[in-house]
Amino acid sequence: MKIGFLGLGQMGHGMAANLIKAGHEVTLYNRTREKAAELDAPIAATPGQAVAGKEVVFTMLAHDSALDALLHGPDGILEHLPPGAIHVSCSTISIEFAETLTKLHASAGQRFVSAPVFGRPDAAATAKLFIAAAGAGEDLASLQPLFDTIGQRTFVMGDIPSRANLVKLSGNFLIVAVIEALGEALALVGKGGVDKAAYLELLTSTLFSAPVYKTYGNILLEQKFEPAGFAAPLGQKDIRLVLAAAEALNVPLPLASLFRDRFLTLIANGGEKLDWSAIGALAAKDSGQPSGPC
Amino acid sequence: MKIGFLGLGQMGHGMAANLIKAGHEVTLYNRTREKAAELDAPIAATPGQAVAGKEVVFTMLAHDSALDALLHGPDGILEHLPPGAIHVSCSTISIEFAETLTKLHASAGQRFVSAPVFGRPDAAATAKLFIAAAGAGEDLASLQPLFDTIGQRTFVMGDIPSRANLVKLSGNFLIVAVIEALGEALALVGKGGVDKAAYLELLTSTLFSAPVYKTYGNILLEQKFEPAGFAAPLGQKDIRLVLAAAEALNVPLPLASLFRDRFLTLIANGGEKLDWSAIGALAAKDSGQPSGPC
Amino acid sequence: MKIGFLGLGQMGHGMAANLIKAGHEVTLYNRTREKAAELDAPIAATPGQAVAGKEVVFTMLAHDSALDALLHGPDGILEHLPPGAIHVSCSTISIEFAETLTKLHASAGQRFVSAPVFGRPDAAATAKLFIAAAGAGEDLASLQPLFDTIGQRTFVMGDIPSRANLVKLSGNFLIVAVIEALGEALALVGKGGVDKAAYLELLTSTLFSAPVYKTYGNILLEQKFEPAGFAAPLGQKDIRLVLAAAEALNVPLPLASLFRDRFLTLIANGGEKLDWSAIGALAAKDSGQPSGPC
Amino acid sequence: MKIGFLGLGQMGHGMAANLIKAGHEVTLYNRTREKAAELDAPIAATPGQAVAGKEVVFTMLAHDSALDALLHGPDGILEHLPPGAIHVSCSTISIEFAETLTKLHASAGQRFVSAPVFGRPDAAATAKLFIAAAGAGEDLASLQPLFDTIGQRTFVMGDIPSRANLVKLSGNFLIVAVIEALGEALALVGKGGVDKAAYLELLTSTLFSAPVYKTYGNILLEQKFEPAGFAAPLGQKDIRLVLAAAEALNVPLPLASLFRDRFLTLIANGGEKLDWSAIGALAAKDSGQPSGPC
């Protein structure tokens, strides 16, 4: 299939590589050309060139404005994506922007699908991502082989694209909830003299035997917040989008409010380079225990 | 082995049954005799009679004061447990009370082990409990066959009994964190039009594939808070004990403070008979969505 | 002095009336002409006509976008305000927008002063407002007689206009803090059987003898949230702007986060027509006490 | 009148001095005799001797257990206070303990009045205290001249003594709310470049013209938390008693939960010697600003 792939950061790089490996004709675009050059595929000079003549175009950008910058103008996606072609947005973007994209593409006779992914860069590289997809049923059906190429399972969230984004945002919210809860629990049992490694072994062998507890439990145990797998400002952004979505729907979320303050505290104290899980060290810090880098 | 078992509520009943089935000489005691009568073992008239001449005595009570009531006086455990015998407390009690028990038994020449358990009544009945045990190494070694009879795995938390209680309390805190986080996430995506069952399927098939998310996700989805597997006032008590332990150690826990307020709100609005997971419905209620029984 | 006054809501109406009464040549503009017609002054058909040829122009709008709508285009303020003339913004606007206004007017050779006011509509009518003003010293000096006409005292907050807006927003934050604190205290003592009127008499006669405690204490005591002196959505907007300012400065504000959730809860449950102080009834509601309209 | 006065800390010292100056026959008692020796009145060797033969006995202790220690045993208040004599408790004690005291004195044929006071040590010395009194009407009437000797105004809170304690506790809660709100507001405007002294001048000249804003605004501005007028552990205790009262009444108080965590953070980081208002510096600290001693 003729595919454009725009956005070759830590996540997009692995996803694009898997599409290329599967034999698709992929054209790449990245703001800084070097990243694209590592992959064995032609590199476009502009977003427009990357999408012209394609059947499907993937975008994987860090935030709304990075994607927005590729959309408009004479060299933009909207101008050059063929009628009937599908734009698959895998980025974690705001609900509002997903709604805007839906309208813009419809006006241009193009199709739009939201397909944000769950997984860290290693899962992108090994095609182990989980995909939450929403859009027109026929579009999702035609995209399924591509989703199978980049991920291990696709969950369909209905025909309104922004709902997949709401699912993605709420999923990141749940991950932050795990980080915060583990951070508080470890601060408590650690100050109480319990062996924290044995404690995590108990948790993750029993009721909390999910990957998210193992991953973040270990990071918090070792206070290994650098290099960042997912940097604190990106986590902060996602909580901001959760709160924006919740405000638009009139849903108070006291946990999200707490997480917002945690990210602000982390970043105000020099943590912008750290992994987002570093907010889990703040409970220990508040309790007067040594708490690593922040 | 000659064993006393005191406290035959939903949890203790299953645990005692498994010890009996394994061939031990178990003497039972319960405040209301009827519960004990369902089991095939002799019933003592007093706590003292249940523990006299025993090598090991288990207690499984709802809270500190219920256990405290069995300890003292001429018919109490302290008076009648033989020197060198072990009191194994499986109850979810306060750190402070666990420390008191340690001292009282030491003064009486008896031994004390804390072995609180994780699991709901069905896990107690099927010997699938997880046990967090702390106490003298030789005592834990001699108890291991009994732990294997009532549970599927034992985690040793050191030689200071109260540490096992801290682990248990913090574990319940983490469960409440899951309930609250799921409650908020479901309030958000539900009001945003996402199919909640599909959403939970995604979560529990991916990053959140732990039993605790499945169990409480389903309860929240179906708003099935009655009959209570673990009643709200017991959850409230555990959060109270977490906060007390945290205060003694000078550890601020903003999540625990939020959970405290959630339980107060639930109970102030008529929820004392509901399962503790009903606090997870309060986020939906605050957002103006119908939220079941409270 | 030749003055334009744009925005004749509850607050602007009283302020404009006092400027007219003091003998200034005031030209009025309001989106809905009827409001302006109650005052004895000429009414302009467009924002541009209201500011053309004026030395000073006041704006008093409900939010950023209402003011923004008057600024731009061929009939807008920026196009028609004479070089050297001063735009005095009394609205409660965002820090970001105040910074934008400062730049826009500077580019146009015009001057900009932020002068948000404290006080409810009756204070505007009786010239009892308090004014927080920031801008160039010479501009503030020349405006002082006008400030004295509409208010009882002016507080100079430096020469960067947005700082006056930050002061205003933080002042509203402090008022909401009083409402919430009184709401919780009344929920507690009320459920405990204390006479709430006597309680408020004690508070406001002693340590809390400030107008804000008297005003909001009485509203909460009588649960008189209609008609709204300052409607809940406006309070919600101000807390939103406080949070936005705090985020830009990396300042976590746990109280503001709580207030945000209170406003969402109020509005999600049908309170958008109520006075903002109705969030103070939510503590009583959560405690199971009858709590008026929400 | 024949009066016993027990408890001569910073507050009790001034109150006792005023009763002595007014010509009453006062007998003093303090755990450490030195404090009593500064006053011109006889010193009793035991609590019992201080209350024997008296018509009215005042107690002013730091917490429940300090007062409890004077009550019982052969040298205690209960044993020696004459039938019909009144025990006036001015201490900030728990609701539960006030109820216990009411019963104990009734059983002993004695009378009990709760009369906690508002004011710092200088107000005690200059008889400017505010008194919240509750108890039998005839007792309050007979005590009024004494209240007038130690305070500037008495507020009657009904005939159930513990209600005056609830009023006192909720009053301290409201003071902490002011400290926290000012702390957050100052962190925000301070980081935003506003002159904090000018800001406080604006607040306390307008809507927030109450003593509590002036007192704590100045302390926060100057970060002058030592010596402590009211030490952090005492503030922490009062919030603990507020939360206990609220729990007994099923009233969730999110602000009190936040304050609890603030005190824990302060004390976990070495602040136990500081004035309770030092929690107001934590918002600045979290925002990365220098924040004085903690």
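Order as written gives the chain letters A, B, C and D; numbering starts at 1 within each chain.
As a working rule, a residue touches a chain if its C-beta (ideal position, glycine included) is under 8 Å from a C-beta of that chain, and two chains touch if they have at least 3 such contacts.
The structure presented is a predicted model; accordingly, all values stated were derived computationally and were not measured.
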>> Which chains sit in contact with both members of the pair chain A and chain D?
In response: B, C
> Counting only C-alpha atoms to place each centre, which chain is farthest from chain B?
Replying inline: C
>> Centroid from C-alpha atoms only, then distance chain A to chain C, rounded to Å. What do you get?
In response: 39
>> Distance between chain A and chain B based on Cα centroids, please, to the nearest Å.
In response: 37
>> I need the residues of chain A touching at least two other chains; which ones are they?
In response: 246, 250-254, 258, 261, 264-265, 268, 286-288
> With chains as vertices joined when they touch, what's the shape: line, ring, star, complete or other?
Replying inline: complete
>> Considering only the defined contacts, which chain D positions touch chain A in the complex?
In response: 261, 264-265, 268-270, 286-288
> Considering the complex alone, what residue numbers of chain A touch chain B?
Replying inline: 95, 118, 130, 132, 153, 155-158, 160, 163, 166-167, 170-171, 173-175, 177-178, 180-182, 184-185, 187-189, 191-195, 198-199, 201-203, 205-213, 242, 245-246, 249-256, 258, 283, 286-288
> Which of the residues in chain A end up touching chain C in this complex?
Replying inline: 240, 246-247, 250-254, 257-258, 260-262, 264-265, 267-268
